Each structure stands twice: as structure tokens, then as C-alpha cells.
Amino acid sequence: MSVRTPDPNSGWLSDDELAVIRKRLPLLYVEAVPVRVDGLGIITEVGLLLRANSSGEMTRSIVSGRVMFGETLRDALFRHLEKDLGPMAFPLLPASPLPCHVAEYFPLPGISAYTDERQHAVSMVYVVPVTGSCDPRQDALEISWLTPQEAVSPSVLGEMVGGRAALLKAALASAGVLT
Amino acid sequence: MSVRTPDPNSGWLSDDELAVIRKRLPLLYVEAVPVRVDGLGIITEVGLLLRANSSGEMTRSIVSGRVMFGETLRDALFRHLEKDLGPMAFPLLPASPLPCHVAEYFPLPGISAYTDERQHAVSMVYVVPVTGSCDPRQDALEISWLTPQEAVSPSVLGEMVGGRAALLKAALASAGVLT
Amino acid sequence: MSVRTPDPNSGWLSDDELAVIRKRLPLLYVEAVPVRVDGLGIITEVGLLLRANSSGEMTRSIVSGRVMFGETLRDALFRHLEKDLGPMAFPLLPASPLPCHVAEYFPLPGISAYTDERQHAVSMVYVVPVTGSCDPRQDALEISWLTPQEAVSPSVLGEMVGGRAALLKAALASAGVLT
Amino acid sequence: MSVRTPDPNSGWLSDDELAVIRKRLPLLYVEAVPVRVDGLGIITEVGLLLRANSSGEMTRSIVSGRVMFGETLRDALFRHLEKDLGPMAFPLLPASPLPCHVAEYFPLPGISAYTDERQHAVSMVYVVPVTGSCDPRQDALEISWLTPQEAVSPSVLGEMVGGRAALLKAALASAGVLT
């Protein structure tokens, strides 16, 4: 079986299959806001990923990805953290799978604060302290560490798309960062 | 177009399509524990549905159902509450889509506390006060209103399947019902 | 015993006693953001109280008050809602005493986002739907019902003191109102 | 100034002062359930302290203590964790001061699930992962590390007083430990 042929019993979908399903079902995602905390647990820095989107624009985003068939939310969260931040990030995952925020993305605007033109996706959002060094992989060009105040400044929020500015503020508010 | 032919652009899936997708993707569900509260908001009664399962056994369950393509969690919650409790239940939906508990159902036991032999499903769980009269429809035979203490008694919990005994206790614990 | 003589065994304190204790202990408060919700539970309006503060300035505030000795958080919340909104407000209290936000007020600024020059107070904050008609009593002059967007506009937030602008945004964020 | 004479401007109270205040005001506490987590954040062990109570009985308890005047919840939590677990426990404090559970202790039973014959106390409860080595100090004789299942077994819960069995179950439920 070649690398390009997915196991038909696995949760991995071909691009064609995914394209069909995306028009029929809400997809389940996990998203994580990476943070650094001090010895008392206070958030000192927020990590934002710099990516080029499909039209070549630079945007800031957070760790994000789909939950696979058979995979727990926790495993999906760990997998996407490792994929986006590298193997030495040493994230501290939450004890509970309960998210701090739920973001509902729809193809068309106006239904919620979140849009994703590709699909209807429901994302479980977590704030995750990382204790190691981050080395973005895949499509992210770099990770920037900003103070919480910088992270929620209009200029930074303006570089986020699909409603992720609202998501970032809500996630940080749940972690005690007031704006 | 006959009633049995779903709109190919809708989020409604044929049984065959659903059977295929159930082996490839986690499905998104909402579940609700119906409760009655007193004037101070304290839970006085918990509503459990009596259903016959596929092998004819009677089991107790809660309001539960799939989230459709294009549907918000809130709309799905309202639709399933109406489907299971009737149009006069007058549920008080939560202001936030954040669930009180997340239940991850897997086909095989041992991965989490929850099992569903049909599928991998991730369920957003809510505790929902109802203020009207409930008239179970569809496959539920009746709804029983129990005190919180009765609801978490071993004999009642023993009539719940797929881990819903743990779900009920966790949902009620989040609402201040201690056991 | 005259009306002005508090029962020495009660939790009610004379002004002198309270003045002493305020310099020695954190006081426990409850605060509530009154809201109106639609049939699906979505917040449609936020109720803000107009009060004159000690220097005669008009400020906007929320329902707030101290927890007495022997009183549950729920009873304190109900008592202050009735005191500030009148007996016909019919608030829907949360099932759980877990607040949506905790505000720590200190006499000096810089320790947290919240200040109260009179005391160190720790406030359990709740978002409370009200279903009846509100008739502010005591020191509140009136209650204004604003849309969530109006409530978090800079001009309205600018009329709140002691950090309550941050409190209002955090409480509404916990209830799914994104800004 | 002798060691026994507290600074009259400090938040530290003499035993006599505390005795008086305990009959007039609810006191604010923090409590922490110490846990050990694995690399995916799953709770593997729960730390329970063994103490002799005032009548000489051995009881199991958790980290607990009063919040002082001028002290943040976070600082109080850190101080009591260090006092009860020693300076090398390296606790990971939560980013938010929002507790996972609120326990209301009253002198008389029947008002809530929690009793404390000395006082009316309202306790903010947290689940706190510790990463270092624990060396109980003060009045605790030792700390036992139990699996979550052992910790919520009837025999262990039976050694907890004042309702802390219910507290432990509620706190662990909030962290995804189902029973």
C-alpha cells in the first residue's frame, strides 16, 4: 500500500472524501492558545503562529487541527501541539477534556462569531502552558511570544482571521486575562 | 422528491451514508439532563427517559442527538429537547454554548468512561431546567422525575448504559448536586 | 430592641465594627449581571444600574452586596437581586454556586484589575437572567437595558468604576457574548 | 514587639479577635487537591494529608487555609501549598483564580454539604498538579499518594470530615475523574 493510499479502515480521509464530508457534517476540531506562565501560574506570554494563508497573506493563528476517528480530544490536542510547536515544547495539558471555550465555525458569516469557508467545524478551545522550546513545523513560519496586553492589541488582533480575535480574547478571559 | 430522499445538499444523511461515515469520523452530539429547579435555582428533580434499546431491554437515558450540518449547538439542543420532551417543555437553554461536561464515546471500551458500539461520538453535555410539561415523543416511553438523590442511587444508575451513569453524576456535580 | 440595635449574635455589623473589620479581613461579596434572554437562551439585553457615588457622580454598576454570617451564596445573591431590582424581577438563579468570574478588589490599585478604596473584597460574579419587571430600589436611580454590544461599548464601560468594565466583559464572555 | 503581638495594621488576627470575627462574618478560604499528572495531563495520583484532629482522631484532608487581608487568592493558595507540602513541591497554579468548586462550610449541619463547627467559611477549591517532592510540614503527619480510584473509595472517603468526601469527588469530577 503506497503512502498516498490511506487505510480504508482508518480515520484518515482522502482529500476527496474530506471534501464530500465537509458539506454534510460538522467536523470536530481542537484549538490551543499556547502560553507561558510564571511560578504563580500567571500568564506572562502568549504564543501566536505566523502562517501564510491560501491567498498568500500572512496571518496570526493558534494551534488548530481536526480530531481523528478513534482519537481522544486529549490525544488530538497533544498531536496538534507537537505538529505546530515541535517535539520539545512540553505542553501541560489540562486534566479535564472540558474546553475553556467552544468556537462554532460556519461557511457563511452571521450565524456565529466564527467563519471557515471550507466547512462547518466545532472547535474545543484550550489554553495550554508550554514549558519547553517551541520550533514551529509544518506550515507555520514562526511563533511570536507576546505579552497578554500585546496579544489583544488591535494591531495583533487585526492579523487574525475567521473570528480568532474573538476566540483569543474569550480564551484569555477564561484564564483571568482581563482587557 | 419523496420524503425518503434526502436533499443531497442538506446535512441529513441516508442510513448508508451515515453507516460509512460512522467508521471514519467522530460525530458531534449534544446531550441534556432535564431538571426542575425551585425559586432559588436549586435542582429539585431530574428527568430520566425510559426507552427500550435495540435488544428490547428497558434503559434510562437523557436527551441526546446528533448536531446537523449548519446547525448551532444551541439549535441542536433545542431541537432534541423538543423531540424528546415535546413542544410544551419550555426549556431554559444556557446562555453559553460551553458544556458542563464532555463525553467521548468510543466503539470499544477502555479508552474513556463512555462507549457507543455504533460510533465514535463526542457529546457536549448540558443541564437544562424545564419549566413546562413534558410529553415524551419518538422512542421514549415516558419520563420519570426523580429527586437528585434518587437519580444517583445505584438502582437507577444501574439502568443506564454506555457510561451514562458517570455522565449523570458528573453533570449533576457541575450543577452543585453532591453525592 | 430598637430597629437600630443589631442583634449581637447576628451577622449584621455596626458601622464601627465593619470599619474595623474592613482593615483586617477580606470581605465576601456576590455580584450579578442581570440579563434578559430569548427563547433559545441567547442574551438580548444587559441591565445596568445607574447610581450616584459618594462624590455625587453618576456611575453604572451591577447588582452587588456582602454575604452575611450564616447565609449561603445563593441566599445572598437572591437578597441583593431583590434589594436592587425589586420583588417582581423573578431572577433565574444558577443551579451551582460556582461563579462565572471571581473579582478580587483591593484598596490600592495594581494588585488586580479591581479596586475598592473601602476594603479588600472578594466577589463571586454571576450572570443572572431575569424574567419579570425590574423596579430598582435603595440607592439605584434606574436600570437601563442595553444590547450586549451597547453594554460593552467604550462610552458605557467608561461609566463603570473600580474595574467593573473588565468584570462586565469577563462575565459576558463567559456567557458567550464575544467582543 | 514580641512574636505573639501581631502588627495591629496587618491582616493577621490574634486568637481572640479571630474568635469574635468567626461569629460575625463568613471567612474566606482556599483549598487545594494536590495531584500528580502524566505527560498527557491525566491525573495519576491524588495526594491526601494525614492529620490528627482536635480530638486526636486521624483524618485525611487536603491543603486548606485562610485568605489574609491584602493577599490575592493565588498568593494564599501558594502560601498554603508551601506550608502543607513543603518548599520543594513545585505546584502548577491555575492561570485563572476561578475555582473548580466552591464549598460553603457552616457551623450547623443541613445548610450545605459542608460543616465546620468553628465558623462559617467559604472555600475556593482548586485541583493543583505538583511536580516536585512533597514534605508535609506543620500539623500534617504525612502525605499519601493514591490512585484516583483509591482516593474515592468508601474507606478513604470515610476518613474525611466536614463534607470533604463530597468536595474531593466534586473537585476530581471537574478534572475529568469519573466515579
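Read from first to last, the chains carry the letters A, B, C and D; within each, the first residue is number 1.
Going forward, contacts are C-beta pairs under 8 Å (C-beta built on N, C-alpha and C of every residue); 3 or more make two chains touch, one makes a residue touch a chain.
On a predicted model such as this, the values are computed, not experimentally measured, just so you know.
Visitor: Do the two copies chain B and chain C share over half of their interface residue numbers, or under half; same or different?
Guide: Same: when the shared numbers are divided by all numbers used, the fraction is over half.
Visitor: Give me the rotation angle that lays the C-alpha atoms of chain C onto its copy chain D, rounded to the nearest 5 degrees.
Guide: Fitting chain C to chain D on C-alpha positions yields an angle of 180 degrees.
Visitor: As a quick test, compute the distance in whole Å between the mean CA positions of chain C and chain D.
Guide: That pair's centroid distance is 28 Å.
Visitor: For chain B and chain D, let me know how many angstrom lie between their CA-based centres, rounded off.
Guide: Taking the average C-alpha coordinate of chain B and of chain D, the gap between them is 35 Å.
Visitor: What parts of chain A, by residue number, touch at least two of the other chains?
Guide: 97-98, 174
Visitor: Considering the complex alone, what residue numbers of chain A touch chain D?
Guide: Counting only chain A, the residues touching chain D are 35, 37, 40-43, 74-75, 78, 92-98, 127, 129, 174-177.
Visitor: Help me check something: in the complex, which residues belonging to chain C touch chain D?
Guide: Contacts found on chain C: 9, 11, 13, 17, 21, 23-28, 67-73, 97-102, 104, 106, 111-112, 120, 122, 124.
Visitor: Looking at the complex, which residues from chain A come into contact with chain C?
Guide: Residue positions touching the partner: 113, 163, 166-167, 169-170, 173-174, 178-179.
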